[in-house]
């Protein structure tokens, strides 16, 4: 498959979206979630995507991460043009190229913190010992070394979010997508998590998009992009 | 409680599979029970129908008519025992009967009884050469007025009418006069023929007020070579009856346990799914008892629906199965006892979910994302 | 494997309950399989496992050995039927026989020709060679009918020595003894000195060269409406009660067989529904749907396999028991057949849940539509 064969181009932009349109059909009406959105994220850039709920920010994020296909336009992630990928190729792409931190369900409830990281490797490359070493290292960096054998139900909200960040970094992605990573946390904890995200991204030189409706956390990002009714407006 | 039942009505789909499984298990219980009842009925009917209190066999007969032999002087001794009101001779011969209109090899299995005291549901002794037929013989095409030819000697016996629930050894019985029985026995089983006034067994009616057990002991003591049974003991003494009951009841027991495990599993899973809802309910002030009562109410309702459907299916099965094949007997008693067993299993099965209901923290309703 | 196993070890109680339910069902199915076969073997095993390929009853015998009587006229008709080779008389009677263990209702079979009526399943010892020798059903060896044991026919006290044991050779669910016609007549006369010479109960028939057993059966039956000829297997199946036992157990097996896939199907459906959130997440981070389905099927195989194993372990000691007069046996063929059938049904039933897994849209991970944490 082309995703695995193409050599990673480290200086290429992490994301290039050109004139992307996304239309949902609901009953008889077409709903335009994204309208000719163009966005480029540099290879080590952290971009805040800010907008009210229903503005299309989650849709944009899903298209950038290969969960949704665009109706029109072009999507290139770290040099790979995923515009015409089929479902199987997209699955493989998500497995190998991007990291996700979702808003609600982020961890598999019946797996421990460490296993939630390892599952990424299990589903993909299966490197075994290398993956275990990486998972342990990530948990150490995230301050979760003593929590690695706990189930999600035994962790606090902040700890769970940190495990999710670790999980998103397991496959050494070029782009990590954060969907409202702080919405379930209080202000103080939210800021701690954002700081952690910034440090982790910058130390690795990994690009990230942080979707939020909370203007207070945008200063952790390099720049903010606003989205209203499917239209992007680079501020 | 209301909430729980409303959930059942509004979302029957999620309970459908569990109901289907319980229905299958209920059908199994009723079928197994019905089979046991049918087998027991077919092998015990003739003895169960006896209106007397005691049956006297010779002591070497192992409670079998065919091996028993009561001489006239033994009968006189029994008649003289205190507490014996009346005795009646009885004997049986098992033969193949040729039914008019059936093929030459298509014989009906019959047990021809000669009797003096009429069993329950059997009229008084018919004229010589006639017999009352058990209605399971209808399955062999026997009709009132038919002349049946019994055994290799083709001894003729005319059907005078039908009686119910009197089969012997899974064979349709014919109830005739002692003289008719003796004639047929002599003609077809010369090796087993008995002199006039000799019977295989005696049916004893005990005088009002006398203790049945004491009279039985007194009879055996007086004759010295008989073994006397109450009707119930005689039924249990039929070879295989106790084994059948024991085996079937064990199978039924394990099947009930399976029902219990299935219900436990289903409601345990359902309760896990509803933890959030229970948190909200508790936050609104519902007690654990109320919530658990709702779970039990759902289990009982599901089980009742399953039992009603299964009862209908069992009755249908009983009606569809041709007489003479599977000896199934579905009675209301069996349907009700199976239902009660399953209900108990359902309630016990629910108890597995109790712990989880108790553990739900009302605080979980506030703060958690869902 | 990873996901499937981890989930099972983290939710031992629910998977344990399911395995227990399947184990109990398997136990019951196998036990009843043994019961059915034991029941049939103890009533007609002796008919199946004797040497005469064709048995001829009188119609009045209603396919019961003891009830049938072959008169000389009937015997002549059989001997003159086209295609009949050898004909040998077989006698059968029920006697009270005492062994070291007490008194039993035993069946005694006497054959005129060892090629037409002797047991074919001798597992130890040999056939009877003299008047006071018999072969006994091996199921009763421990009841004082073992090789070298002397048993007495009562009343009369005729002593017979057991010189061989035959497997699955019972009739009427009790000790069954095989000797020559003369041994049978001795026993009969010992019991009743006035017995005279009784008529044979059935005839064993071997077809003439170039004739099949089915042709001989047809040719004998064509001779007279008084004759009822069967191949030995058909004779066993035509014995009163055999068909009823089979039909009853078929219904029972069908019902139990339906319960198992329903239980596993329901279980996986609910479990899949419950962990829809986790499955959606896994799909979103790049788990191929096939992998998740494979994980589900692995669980189904493990659960049915474990349940089957435990059920078989429960069944093994029970299959060595005797129920009343019926010796049970470990039914290897049934164990294998049911393993295949139940595994197939279990997998099939989990496909309903698999369809649900395949229908999961990873985009739901971004909308928080999943349940759970």
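Order of writing sets the labels: A, B and C. Residues in every chain begin at 1.
Operating definition for what follows: a contact is a pair of C-beta atoms (placed from the backbone, for glycine too) under 8 Å apart; a residue touches a chain by one contact, two chains touch by 3 or more.
Being a predicted model, the structure only gives us computed values, none of them experimental.
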Label of the chain whose CA centroid is most distant from the centroid of chain B: A
Distance-to-centre winner among chains (Cα means, whole assembly as reference): C
Mean-CA-position distance for chain C and chain A (Å): 63
Length of the line joining the C-alpha centres of chain B and chain C, rounded to whole Å: 25
Whole-Å gap between the CA centroids of chain A and chain B: 69
Of all residues in chain B, the ones touching two or more other chains: 369
Residues of chain A engaged with two or more neighbouring chains: 104
Residues of chain C whose C-beta touches two or more other chains: 368, 373
Touch list for chain C against partner chain A, complex: 2-3, 6-7, 10-11, 275, 277-278, 280-289, 291, 362-363, 365-368, 370, 372-373
Complex contacts: residues of chain A adjacent to chain C: 58, 61-62, 65, 67-68, 88, 91-96, 100, 102-111, 115, 118-120, 122-124, 151-153, 160, 167, 171, 179
Interface residues, chain C side, partner chain B - complex: 13-14, 17-18, 20-21, 24-25, 27-28, 31-32, 35, 58-62, 67, 69, 105, 195, 198, 225, 228, 240-241, 243-244, 247-248, 251-252, 255-256, 258-259, 262-263, 265-267, 269-271, 273-274, 323-324, 368, 371, 373
For the chain B and chain C complex, residues of the former touching the latter: 17-18, 20-21, 24-25, 27-28, 31-32, 35, 62, 94-96, 104-105, 107, 109, 151-152, 170, 191, 240, 243, 247, 251, 254-255, 257-258, 261-262, 264-266, 268-270, 272-273, 317, 325-328, 352, 369-370
